[in-house]
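Have a look at these structures, which come just after this line.
Both complexes below contain chain A, partnered by chain B and then by chain C.
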Partner chain A sequence: MTLSGTASSELITDDWRIHGSVYTSADVFALEQRRLFHGPWLYVAHESELREPGDYKTTFAGTQPVIVTRGSDDGRIRVLLNRCRHRGAAVCHAESGNANYFRCPYHGWTYRNSGELRGITYDDAYPELDREALGLVALPRVASFAGFIFATFADAGPTLEDYLGNARSYLEIVAGQGEAGIRLTAGSHRLAYRGNWKLQVENTIDNYHFGFVHRSFLDVLADRIGAAPPIVQNIMNNPDWRTIDLGGGHSVHEFGDPHTGNNQGQLGDLPFNLIIFPNLCFVGAQVRHILPKAADRTEVRLYPIMHEGEPDEANAAILRVHESFYGPAGMGGADDIEVAFDRVSDGLGAVEHDWLIMSRGVHREQPGENGTLIGHAADEVPQRAFYRQWKRLMEDAA
Partner chain B sequence: MSGENGSRRERGQARLELSSEFAAVSVEVDQQANGPRLRIENRQNRRVVYLDPLEVASLTWLTHERLGPFLDPSQTGWRSHDEGEDQA
Partner chain C sequence: MTAEEFLYHEAALLDDRRFEEWLTLFDEDALYWIPQGDEPDPIHHVSIAYDDRRRLRERVLRLASGFAHSQDPPSRTCHLIANVRTEPAGDEELEVASTLLVAEVRRNVQQIYAGHVRHRLIAREDSFLIRRKVVRLVNSDVPLGNLSFLI
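On to the complex of A and B.
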């Protein structure tokens, strides 16, 4: 498949220049939906969001709206397309709820929360309808790892564990953050911007920007502690802070030991930032789910990670730290939206020389265990990890 | 057992309201009869059902699947030939 005459392979050069259309083209976006979001495993929920039979939440698999449900009688997790089989209305509207049956708001078609069509209003008008074939469409495979639920549109392919590969041990560490595990019961807050979804993925592990975009945050921090905060020095000079291409498009930035590291920046206590290809991230004290909407439109849902088995005061403190940097009135998130998303999207409007440079530190990437590549904390290792997999999938035969 | 809006609700009973994006009901214990009954009101159409303790106890044997016929709209509020039937 070509993109208006340009092959995907021509959009990323051997010396790591990325063509601007990767972020702006509707054709690229459409192909991403077929290759990146229709086959690979996609994150949909955490088990703590669906604890009781009948619990459900609404979210997206790529651009497709889905309902994640826990079966009323069998407790099984299913992922169903949120689209009435009659005239296409989204059957569920609430972000989350508990219901053993769903009733479409348009004409009242009613489904079990396992998907089967249970009934139709005034059904004598449909003497020949094959009701058994008209359940909500289920994604064929759903699996969970360390409490994180993923689904795929592919009938066959790698297991979730194989797909996660070297990222598994990091997900297990996230799952063990609390005394008795974690829960995403604080809900989410959302941000939206007019720009490409990959800008948020790339910005999740980009230590290079921190001292520039978040200068005002660092100044406030310096006033509080009476000295320059150590985070920028650590990024530039601490050999234990490192970025790693985990393979499969996944990447991580470790703040030292992945079990005990600390970002020393009052950003939340996760000992690393982690990207699970294509659109799930962990940063600070949050799960960050990035929802592509169009080439130039993105929604991001941020779920603070609560610690199970710890006092309310401890969890309240997690929320306050999270809000102080990432919240709507926080000192960091708004800067990222303005500079890393809005300003980049503005600049990409200049197309005379339409290339970005993603080669920082490529000469000093070192091979690690299990096929990983290890680089400097401020290098563009995570971005290249992402685009190696992006290129592989985009070039696959249709 | 079921009928239109019950008007003799005794005041002071605890009244519980449950709602989702699909339905809204109120539930309370009714003391107007010779024994207590559970009164359930569909707040969308004011339809009411009274259930005695044996009926409520028997409901605990239900699976959600067996409750399915009541969720089929053509078997309840949306039958084509029920004139005057309240909907919802």
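On to the complex of A and C.
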């Protein structure tokens, strides 16, 4: 398959230049939807969002709208395409709730929350219709790890555990953040920007930018703590702060010990930033779900991680720290939107020389255990981890 | 100065980007809150902003730092305040409800933000201090972009 005459293998060079069309081309975006978002396991929800039978939330698997439901009868979690089998209307528009049935508003076709077609209005006009085959289309496999629910469009392939690989131990650490676990029950910040979804993935685990994009926040932090904030020195010089290519496109940036580390930036207390390929991130004290919409359009949801079994005041304090930096009015997040997405998207319009450089620290990547690659904190190890997998999947025969 | 005039004064300071002066309108125990969603609950639900006076001061400090990229160039705003209703709240305080329309222009794009605002004001000599300002944007729960200017 070629992309406007360019093979996807040529979009990333051996010396780690990345072609601008990776971020701007509608053809690349369409191919990503077939290769990255149709086969790999995709995050859809956390179990705390679907505690009771009948609970549901709407979200997206790639660009496709889905409903994640917990069956009223069997308690089983399913991921259903949010599309009436009759004439295509979305059967559920609420973000979350509890329902035994979804009734299409167009002509009244009704589905159980397990997906099964329950009723067709005035159905004598359909003598031949096979109702058994006309449930809401379910993604064939759904699985959960450490409370995080994933689904895939692929009937066969690796199990979720195999897919997550070296990232599993980090997800378990996230799940153990609260005294009695975690819950995503505080809603989410929602961001929209004109720019490619991968810019948000790259920026989430980019440490090189912190002292530049977040200079104004560092000034605030210096005022807050009455001293120079240690975060930039740690990023540039602390050998215990490391970036790791975990394999499979996943990556992590550890702030020292993965159980007890802290970014020392008053950004939230997760001991690392983590990317689960392709579009799930953990940063600060949040789960970040990146929703690609088009080559140049992205939405992002930031779910603050609440600690189960801890008092309201402790969780409210987590929210206040999160809001201080993240979200549309955050003192850091808004600068990421401005620089890492808007300015980059502006600059990518200059296609005369259409290459970016992603080779920072490639010469000093060191092999670690289980096939990992380890680099300095401000090196582009995580970005290369992502694009190694990106390239692998995009080059696979259709 | 009436409460209504005070709201216009506050809006003028914001539109003129006289943020340090704006900050002096707030009481030491003030709260500046932009909730998200229909049923705001700052303990159990994330807010767009939930600033005490200290955090509000940090926001102003950041905007003055010269390195706040999301406000370089700065937003040009026009705050329109209407439907002002005032009711007494205790001996020295007033609860003032208003509707707000902010046109914001930045980098060739105009955005419109609208919301219901409630000010809790403390009478001080011939003016007021803000004890609490709550801005309930009608689009608070849709995906937003750069909201780094002050509302």
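To be clear about the criterion, the second predicted complex is superposed on the first by the 398 of 398 C-alpha atoms of A that agree within 3 Å, B and C clash if a C-alpha of one lies under 4 Å from a C-alpha of the other, contacts with A are read in each partner's own complex, and residues count from 1 in each chain.
One rule holds for everything that comes next: a residue touches a chain if its C-beta (ideal position, glycine included) is under 8 Å from a C-beta of that chain, and two chains touch if they have at least 3 such contacts.
Bear in mind that the values here come from a model prediction, so they are computed numbers and not experimental data.
Taking the superposition on A as described, I'd like to know which of chain B and chain C A:185 touches: first, second, both or neither.
After superposing on A, A:185 lies in contact with chain C but is clear of chain B.
Name the contact category of A:324: first (chain B only), second (chain C only), both, or neither.
Second partner only, chain C.
Looking at A:231, would you say it contacts chain B, chain C, both, or neither? Reply first, second, both or neither.
Neither partner.
Any idea whether chain B or chain C touches more of chain A?
C
Could you tell me if A:92 is touching chain B, chain C, both of them or neither one (first, second, both, neither)?
first
Where does A:68 make contact in the superposed view: on chain B (first), on chain C (second), on both, or on neither?
neither
Identify the partner contact of A:315: answer first if only chain B is touched, second if only chain C is, both if each is, neither if none is.
In the superposition, A:315 touches chain C alone.
For A:220, select first, second, both or neither according to whether it touches chain B, chain C, the two together, or no partner.
Only chain C is touched by A:220; chain B is not.
Let me test your reading of the model: by the given contact rule, A:110 touches which partner, first (chain B), second (chain C), both or neither?
first
Name the residues of chain A shared by its contacts with chain B and its contacts with chain C.
Shared contact residues on chain A: none.
Enumerate the contact residues on chain A facing chain C in the complex.
185-193, 213, 215-217, 219-220, 223-224, 299-300, 304, 312, 315-316, 319-320, 322-324, 327-329, 331, 334-335, 337-339, 342
Considering the complex alone, what residue numbers of chain C touch chain A?
The contact residues of chain C facing chain A are 34, 36-37, 42-50, 55, 58-59, 61-63, 65-70, 72, 107, 141-148.
Which positions of chain A touch chain B when the two form their complex?
Touch list, chain A to chain B: 53-54, 72-73, 92-94, 97-103, 108-110, 112, 118-125.
Name, in rising order, each residue of chain B that touches chain A in their complex.
Counting only chain B, the residues touching chain A are 20-23, 63-65, 67-68, 71-75, 78-80.
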